[in-house]
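Shared between the two complexes below is chain A, which has chain B as its partner in the first and chain C in the second.
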Partner chain A sequence: MKRQPFFYWFTVPAVVLALAFLASMGAIIQYSFRKHIPGSLDVGPVTLENFERLAHPLYFSVYLDTLLLSLYTSVFTLVLGYPLAYVMVRARSRWIKSTVLIVSIVPLFTGEIVRTYAWLNVLGHNGFINSLLLGTGLLDRPLQMMFTPFGVTVALVHFSMPIMVVILAAAISHIDTDYEKAAASLSANPIKVFWKVTLPLSTPGIVSGFVTIFAWTLSAFATPQLIGGGKVNMVSNIVYQLGFASFNFPFAAVLSLLAVMLTIVLLLVIYASTRRLEKMSLH
Partner chain B sequence: MRTIWFACALALATVFAGQPAVAAGEKLIISAWGGSWKEMVAKSAAKRFTEETGVEVEIISGGTIDRLNKAKLAKGDPESDLTLTTSHVGWLYQNDGLFETLDYSRIPNAKNIFPEAKISPGHVGVWSYVYTIGYNPNLVPDDVKFESWEDLWNPKLKGMIALPDFDPSHIITVAAILSGGSAENWEVGQDKLMALKPNIKAFYTNDASSQQMMASGESPVQVLLSGNAFHQMDQGVPIKLVIPKEGAIVGIDAIGIMKGTKHLDWAYQFINAALDPESQAFVTEFKKLGPMNPATKVDPAIAALPGVFTTAQQWSEDALIIDHKLRAEKLGEWKQWFAENMIGQ
Partner chain C sequence: MADDIAVRLDRVTKRFGSVTAVSEVSLQVRRGEFLTLLGPSGCGKTTLLNLVAGFLEPDQGEVYIGETRVTQVPPFQRDFGMVFQNYALFPHMDVFENIAFGLRMRKVPKGEIQSRVEEALDIVRLGGYGARHARELSGGQQQRVALARAIVIRPQVLLLDEPLSALDKNLRARMQVELKEIQRRVGITTIFVTHDQGEALSLSDRIAVISEGKIQQLSSPDEAYRNPENSFVASFIGDINRIPARLVEVSGDEVAIAVGEARIRVPKARCHASRAGDPVWLFVRPEVLEPVPEDTENAILGTIYAHVYQGAHIEIHVEAGALGTIHLRTRDDGVMARWPVGARVGLVGDLGGAMVFPRDSRD
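Right after this comes the complex of A and B.
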């Protein structure tokens, strides 16, 4: 096919965006090497002081917690989202399909803050779960779910679910059902068909969904901020607390830079390992 | 006939002589917080200013830090003519050369304001509030009393207290004072602060989460903004607000004229309108804030509320003021120590 120079113009928005992102990245790098001047918005001379501060154990634990929460969120979202996506694509009843679609996608339209506040009412001391457990006599004192990694993970899983379901549904809908029929005709039971055919063929969707949710959770802010209550902190919360709430932009820039580098490295590792997984599943 | 026309022209000239000429579309722009704060400014100072001058006011809103950053980027050609912000953040504007130096001879209503209102050469306080101890008496052991800040350290309050995560100035200063120091040598209070950790349940991010934690009983004791407590009391949440014997930490919101404004006269008139006793009375009524003009007639029921300072005596006896400039300079250091030792551990 002959290349049409005209179509190169369509890359202009992408190039403009890339330049804007590069400029922002340049600003972050520049800030990270500058000295913070207390009581001023201006930054001082070049220094490595901001990087030395990273040696404090708090930062290691926050980055580790961020990785773990992202991992838990990705895994649970995948495990809970797959059946929803499967039913949404494969159910014969249009009513069931529509119901699952609405249940899965509608939360996407409510925004992160609204959904997080809803979880405050569910997980809180006098929230829905505790009221139910106390009311039925199963507990005699409220369960502590707020300000815990459990509470934050639950809210993050709910927040990420619509995206995971959409990605998985797209992957499952692309699977040619003839392969499943062929397996069934060769006397494989439905569980075996799913395990040996459907699941491996949906690997591209599983990988995309996992990577997307992992990367997206790494930068979560409002959910850990509100549900975590300062007891569960992710990188964005520390950047906010130390940078924007105390005007120390240079140190906030160092924390952000480290988070970006960590994300890039992790995504490369995940990408490399999942490519191998995809190849294996296609053989 | 000519005499009649002349008389009409003279009458019109007399009517409009008192008003400055306002070009079409010209207005005074104020930078302030959104929500109910914006509504309060619109219904008090802005309303009065427009009545007096015929000039419309536009209020552009945003968060404290967002507005600060925007002002810095627009230095010399400001987006707004005046900025309303918190006293210590105002010092960041001042230190960065973003505020005009105020000429108090152009603000007649500032003649008798409380001396505490004069924050810096560039910004003047317009209302006050306090950060103090608020608690739900139904959820706190009966024998726990709050007469001093020291009472927050009572072991019976284990896992009950919530503090703001966005500004540790209050508790850091209190711990320093209880340890025999002050905000300046705050380090003396570090051990005291560490000893408070078992009692801390969580840290709240904003007014909404403070209210949510109090209403749900999640943290029945808080160091909180007086206005938030009053708002919740109105909604039926059982809260008691106390002024400890050492005093409550005062917060003052202040206004400054942006350097480079093209409406300097109007800006002064607006500050004068903000400090007018009637505007100030509206503010005390609307959010139960303290006036900065002692001539303000405050409803006795509101004046009796803890943290609503209406007299010089209250300012000297009940108010604990952290030097605003020091606070602006120390906040980064405080915040970092607090995050590394109190929040993140």
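Right after this comes the complex of A and C.
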């Protein structure tokens, strides 16, 4: 069938977006090879020294911290999100289903900044947790939670929860309950049914949920900026400092490029693992 | 309680909202017997099976498996095996692990698991298929793995919910024979659900014909075919003509009924209506009727409407006005030439096996 000319008009927005992305990627790549001139917004001649600077242990530790924070966040989000998703899909009562749905999805509709400020009120020296612990006499000095990796992780887990729950719930709802009934007919108690049947059959959801949150946390900015307060730095925060405090665009570009590469590697991992799982005919 | 009863339902009722899916059903399944729950879609067969399995709890009544009352016992503590319509083989396990699953859950020793799984594979003629994956098997093979998985735990009762309905016609006929043969050899009590009366007739020791959540008749296939207890069973089992008629008189051991212009005599034992003048249904099998010239005394009159050639036999559809369409079946191919489409015809037959049931006069 010959396509109508107007058909191509639908692709225009996609092409414009792709061009915009390509242009900004091009700018980043271009900047990463230029010399930084301190005190100037302009860049100098072509050089490789920005990449050499990556070898500095400081940056290595920022990437390591970022990867670790992303790892903790995705693990905790998974462990806390799975029961929520499971109850949301399998609970008999509509009331429980909708409560869980609302509790886990609502954070999606509050902006990142608003949500992060809410955490300041919970984690701060005069915040909810410390007031509670001090008030009940369980502690005599406030617990330091702001500006710690712990505080940042808590806020990131909260931030990531809706996505995780949605991905897991989709995977769990695809599991035919006949498998669980079959296991029960073979004398498996509910705990065994969960471990031997439901959980293994939800691996595709677990893998994609985990990797999605990992990649999503790698680029977190506002949460570590506000809750980490300069003491907990992720890649985005360092890029921001270099770019907007020292105007070192070339080095900021190198750090961003590396982060983009990491994300691409992760996406390849998702792709490869879902292919593997499809071969196992799980879905 | 008699120990030759494997499953007993005692006045069991199950409602879903305003729908009563199972209504006061009492049923005793004998040890080693092949019992079929037969009925149209939505009559409550699956619900009944789920009540035995424990996936549903009855609103009233009690369920027993063997000697034990299990009404409130969860499925995993009941002693049954089940084959699902879509087999539900675990996709993350190979054939061996699928079959071994129930043995592992029941904490059977390792060495015994190996030999019992192999024995089960041999029973379903899949020896050597242990390492295969479920998706590498044909529909019929998956079916047999599902059967092996259910019987390897040697449950007191095997529950099968339309296990053959996903198979094509030929394979289905082969699996019927095989299923019956395995069931007989293993000697396992079986409750089989189907809406296919042919399947029910060929497989079962007894058939429970169900309609609207109630058992209409519980009897051997032969009884259900020859002596249906009501008009529902008569119309559901086997091909049969249902012809509106009127009871004229009861005399001695015969009754006379008026079918259109014809007067027909039926043995009194075959008549479930009692008062002269009552509207009735006359049930006659198509193979009993034969075509005769229309001036034959007491023949039912009609016009040949169609011939349907079916290889082993020919079906003739006769349009009989207010009596509706009447089918007859014959092996004689000469019939098509002698009674062409459009010809007037009379129908007679030996009505010793016909049945008469009361008819609601609005029908």
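Here is the rule we go by: the second predicted complex is superposed on the first by the 244 of 283 C-alpha atoms of A that agree within 3 Å, B and C clash if a C-alpha of one lies under 4 Å from a C-alpha of the other, contacts with A are read in each partner's own complex, and residues count from 1 in each chain.
One rule holds for everything that comes next: a residue touches a chain if its C-beta (ideal position, glycine included) is under 8 Å from a C-beta of that chain, and two chains touch if they have at least 3 such contacts.
Small disclaimer: the values here were computed from a predicted structure and weren't measured.
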Side-by-side fit of chain B and chain C on chain A, or clash: fit
Which superposed partner A:P107 touches (first chain B, second chain C, both, neither): neither
Partner chain(s) touched by A:L186 [first = chain B, second = chain C, both, neither]: second
Spatial angle chain C-chain A-chain B, Cα centroids [nearest 10 degrees]: 150
Touched partner set for A:D176, first chain B, second chain C, both or neither: second
Touched partner set for A:K231, first chain B, second chain C, both or neither: first
Which partner reaches more residues of chain A (counting touched residues only), chain B or chain C: B
Touched partner set for A:H56, first chain B, second chain C, both or neither: first
Touched partner set for A:G39, first chain B, second chain C, both or neither: first
Per-pair minimum CA distance [chain C against chain B, superposed on A] in Å: 47
Complex contact set, residues of chain A against chain B: 36, 38-42, 53, 56, 58, 61-62, 117, 120, 124-127, 146-147, 225-226, 229-231, 233, 238, 241-242, 244-248, 251
Parts of chain C lying in touch with chain A, wherever the complex brings them together: 53, 55, 74-77, 80-82, 84, 86, 88, 90-92, 101-102, 105-106, 133, 135, 149-150, 153, 159
Of chain B, residues touching chain A in the complex: 65, 68-69, 72, 91-92, 95-96, 162, 165-167, 201-205, 208-209, 212-213, 216-218, 325, 328-336, 339-340, 343-345
Touching residues on chain A, where the partner in the complex is chain C: 176, 178-179, 181-190, 192-193, 196-197, 200-201, 280-282
